[in-house]
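Before any comments, here is the structure.
Chain naming follows the written order as A, B, C and D, and within any one chain the residues start at number 1.
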Amino acid sequence: MLRLDSDYMAGAHPEVLAALTATNLERTTGYGTDPYCESARRLVLDACFPEGGRQHSDARVYFLEGGTQANSTVIAGLLAPHEGVLAADTGHIACHESGAIEATGHKVLTLPGADGKISAHLIDEAVAAFRADPSRDHTVAPGAVYLSQPTELGTIYTLAELEAISAVCRREGMPLFVDGARLAYALASPANDVTLPDLARLADVFYIGGTKCGALMGEAVVIPNPSILRHFTPLIKQRGGLLAKGRLLGVMFQALFTDGLYERVGANGIALAALLREALRARGYEEAAPSPTNQLFFTIPNDELEELSHIVTFEVWGAPGDHYTTVRFVTDWALTRDDIEPMLAFLAAR
Amino acid sequence: MLRLDSDYMAGAHPEVLAALTATNLERTTGYGTDPYCESARRLVLDACFPEGGRQHSDARVYFLEGGTQANSTVIAGLLAPHEGVLAADTGHIACHESGAIEATGHKVLTLPGADGKISAHLIDEAVAAFRADPSRDHTVAPGAVYLSQPTELGTIYTLAELEAISAVCRREGMPLFVDGARLAYALASPANDVTLPDLARLADVFYIGGTKCGALMGEAVVIPNPSILRHFTPLIKQRGGLLAKGRLLGVMFQALFTDGLYERVGANGIALAALLREALRARGYEEAAPSPTNQLFFTIPNDELEELSHIVTFEVWGAPGDHYTTVRFVTDWALTRDDIEPMLAFLAAR
Amino acid sequence: MLRLDSDYMAGAHPEVLAALTATNLERTTGYGTDPYCESARRLVLDACFPEGGRQHSDARVYFLEGGTQANSTVIAGLLAPHEGVLAADTGHIACHESGAIEATGHKVLTLPGADGKISAHLIDEAVAAFRADPSRDHTVAPGAVYLSQPTELGTIYTLAELEAISAVCRREGMPLFVDGARLAYALASPANDVTLPDLARLADVFYIGGTKCGALMGEAVVIPNPSILRHFTPLIKQRGGLLAKGRLLGVMFQALFTDGLYERVGANGIALAALLREALRARGYEEAAPSPTNQLFFTIPNDELEELSHIVTFEVWGAPGDHYTTVRFVTDWALTRDDIEPMLAFLAAR
Amino acid sequence: MLRLDSDYMAGAHPEVLAALTATNLERTTGYGTDPYCESARRLVLDACFPEGGRQHSDARVYFLEGGTQANSTVIAGLLAPHEGVLAADTGHIACHESGAIEATGHKVLTLPGADGKISAHLIDEAVAAFRADPSRDHTVAPGAVYLSQPTELGTIYTLAELEAISAVCRREGMPLFVDGARLAYALASPANDVTLPDLARLADVFYIGGTKCGALMGEAVVIPNPSILRHFTPLIKQRGGLLAKGRLLGVMFQALFTDGLYERVGANGIALAALLREALRARGYEEAAPSPTNQLFFTIPNDELEELSHIVTFEVWGAPGDHYTTVRFVTDWALTRDDIEPMLAFLAAR
């Protein structure tokens, strides 16, 4: 059975696992103070600040175990107690993290995103409405902006869109935080024009996803200007995210940023998604979200979906009518062309 | 250099790593819903409830990534908003978790432990003092009891002590939570008379440590009577501790509870600690805590410690005078007799 | 200038102030343990449970200083850590309390209310959607229901509507919490068919507003079945709401529940609102919310509003176009027919 | 019966009540935006910054309803998420606020106070220990200092002591917060050499107590340099402390700072305490804390205490043996010489 429910279904990329195996019995200090984390941080910074210089030496990289942990720890660190975070109404922190942001004491202020994306205009409007509200002391102040690249619907922000969002955020003194849980698949998409250096220039905090992009687990949080989030290590510890054997994350990110592995991870997911997208479109199914990345959302007649369910697993996303279901198929670094062949064959048949 | 700073310095036990490698490219569902977690839960329950029956089928096992995460998530789940948790003043939650318990809104109510241990009597006194306080509505109510087996000083509770503590807790309706981050080393100590079935009978929640006992990371939280902590999964998710690739923890605990590996892990740490303890005593150093497990606390003249520091790393624990330092040496599953030989030789020399 | 911005603009009803003055130099114990609080509790219970009996003796009444404090303290007490509270999107806790609920760690789950009201059907749908969600462990569970009587738009729930909502809540084991900050004005409305005994029967927690209904400050929180919210006093203290001179609230609520004062307070606000409503309608202004209580929402041409603003103050509620503004006028116990005469005259003129 | 349990037993000073009565039916805007609060703020600033100038115009004054509310709101506003607050182990926030600080997510880091007081030296040591701790990222960082003037034991800090504490705090960048719930009684003590301008110069935040010093309720929080605590109003609202009829606090503090009332309030409490202290000492009872203010702590033989309990109420503070009890007597603005006469007579008898 082909399993396309999500991109966290397999273990680690073989090169990542090999790195873990090779270093397994070494003894290092804990909590991210080891040489592997140090080396991985440097590799991540090299990718984000290829020109080196002051930015490269000022910026900080922290490794956390997972996305919800990264999101709630970063946001709790960025906000003052009276502030909330702006996010798309489909944003992961708004929908799928069991109230993790609220558990840190902060409200998620949702914006009506389009295809999972917010915009400089929506942020602008929200800030203006807050400013104009005579009872704004009784309202939650927008204190930071959260977005995902790619979004929960697989769509991506263009460079122009991110430039505009970043400009509003800086004008308003609101940090911009980019959740890159699936960043490898955005970077590898032919539709993408946003590079790691762009993110490092435009975001105030962002993370490079490992869990869904070839590692067993782990996200690399990059803070270009660390004055925005001082004392992050005790915050990670306090929120339960400081891995005792922190070097595992260093070893894995070192592997991901060696020999272009992070690019290869993304490229594999994107290539297989492209094949499936083509086949689903050719079959005449309607695309429910214009995703150019590794998540595909299609609306499929229920009888055909039933047949499909014998060869592939997926997530149900909604039911736009009695006879149709919208589902999500997700590809990743671990799948091969052979793996998806039965599904391509099914779609081509008739 | 021999590294004895802590027991989280190496990766995973080779049998654990082999299990991860063997299953690496399989695709399973996430967040602990996979067959490996299912199997590991059964193995853990078999060890805790060897007679099976109702208790075996009622009890629940959850896998979390680390100790601070397990402590704060469990305690936040056990306490009502007005309650705090009783713990030794040397308890890990009181000292070394960056205020993780307070970050969930609860006070740690410290008791003056002896050698890292609290007692039924101390708990009794604290509850009685709270009850007798005419302004107890202005005081934090003790709502649960936390202790570690072994403690942060390597000492262990006897069965009689745990029986007494458990009895007080049940009389008072306060759940007893046992932190077993290093449980393998307590279970393997010749001084120990507390078994896993004893813990499962006497504690209301406890965990079986993986991070320090052979796994890359992970703790198995056992809840004998799950009515005490319903809806634990969303709480784990909310606190950022629900591993997307949850099956990793299942695979690792399955390995740890196969072929007696958890016992072997503990036995290795205990055997090497016994050799070192003997040598340190023979050398005439004073033992700073009567630890029968894998942590050794000795007070050493500074000039000799300086020499030692050329062959072994350790943690400094305190300075009971200008010429002496108390240090901690920790053994674990990953060390061999050969590894510690230079230190034994140094101690025997003169 | 006539001030109709809100119903908290004057001090206390003269009978309430007289009671405070008469008892001012008495010395009593603090924090609500005094005889005045005891007496006021009994009077409140007499009004809620006129038939006495078990319910009268079981129920509990607590006095808190204000509405946001009551809302956040009650809701924090009712919810488990993983739960959120259902409320109308116009609900006070969702909009105008600076994120007080989120500051206690819980999400406000908003429902698309109509005229400020939610319904049994909307609650039902929300619960069903949560139940049906395969990833509900990653979603915030609805754990309680919040509504206001009257609502923030002045509308009121009918007895039938409340019966239906209460039935859903009990079926689902979700406590129903009714915010009665302006309850006097609901009770006095000719459109109302919900009595205090009805509320005591249908709600699990509710409060009888004092701040906006004749007291200097204070809300009487009624808990018909106290097992739902044990240990409420330390929670009030912890959240900063336990007035040292708690007897002030007892003295004031004793006065409000003596000689039908609470009814008279409501009746005055309602009678004056009726006169103004009639005059505003007669003038041809459109009613923006069908409020039968003491808040009036009307859409007024900007040029006429400019003229009105010379004789009356109000709150701006919105701007449904370039030439119109929706405003709110609020009456209360402290205004007289003479006070509003200039406004009536203005409206009748032309 | 003479009631000396505490200083919150009577209502408001007659001049304060007269001010409330005189303004009762006026209609003003809410939440502290009214002219009375404005005027009271100016009077408070005049008392704190008699020389006017930049400090007078920069400083901010906020009125909150009570002490626990002020403490938890200020401290939550001052601390970063990973920080805790240093306080005496007898400090009100450590002992008698039901975990209010912890409920905002922060640990109270206690120092072993002497007679209720901490010192520059103790703070220095705590900071040095934190700095020297190699695992300080796992420890709660001291982020602010809390002390009470007078303390919970009635003792007061000298100007030299406060200067030293303030100097350490500024050197370390830790705000100093002074709880002045009973400040009138410190200011009026003949032993005192700390003025309001001294506090305004040495503390970063402090409050001038109203609840125990002549008002029905209320504390005036003074923030000399408001950059330390921006956006305090939404924080007060969020924590439930923003009184709708905020003008009540303005009216009361206006009265307290008119015609030297705040001084008279303090002087009355101090004068009566002096008489009682003298009589208790003359009787031969041992003073349990060297309090020069309005709280008296004496250790009394149980048989004599039993007799005393027929004419006066008090709080029991401890039992330093089977035959003795330590109790607290508290005087205030509302008592007269006539009120305490029976107790003086009893003590003089024999």
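Assume a residue touches a chain if its C-beta (ideal position, glycine included) is under 8 Å from a C-beta of that chain, and two chains touch if they have at least 3 such contacts.
Predicted model only: the values in this text are computed from it and were never measured.
A.B. asks: Of the other chains, whose C-alpha centre is the longest way from the centre of chain A?
C.D. replies: The most remote chain is D.
A.B. asks: Return the chain pair with more inter-chain C-beta contacts, choosing between B-C and C-D.
C.D. replies: Counting C-beta pairs in contact, C-D comes out ahead.
A.B. asks: Could you state the distance in Å from the CA-based centre of chain A to that of chain C?
C.D. replies: The separation of the two C-alpha centroids amounts to 43 Å.
A.B. asks: From the C-alpha centre of chain C to that of chain D, how far is it in Å?
C.D. replies: 33
A.B. asks: Rounded to a whole Å, what is the gap between the Cα centroids of chain B and chain C?
C.D. replies: 50
A.B. asks: Please output the residue numbers of chain D that touch at least 2 other chains, ranges allowed.
C.D. replies: 81-82, 97-99, 103-105, 137-140, 234-235, 237-238, 242
A.B. asks: In their complex, what parts of chain D are in touch with chain B?
C.D. replies: Where chain D meets chain B, its residues are 81-82, 84, 95-99, 102-108, 134-135, 137-140, 315-316.
A.B. asks: Over in the complex, which chain B residues touch chain A? Could you list them?
C.D. replies: Going through chain B, the ones touching chain A are 3, 5-6, 8-12, 14, 17, 20-21, 23-30, 65-69, 72-73, 97-100, 103, 211-212, 216-217, 234-235, 237-245, 248, 334.
A.B. asks: Residue numbers of chain D touching chain A in their complex, please.
C.D. replies: 31, 76-77, 80-82, 104-105, 136-141, 230-231, 233-235, 237-238, 242
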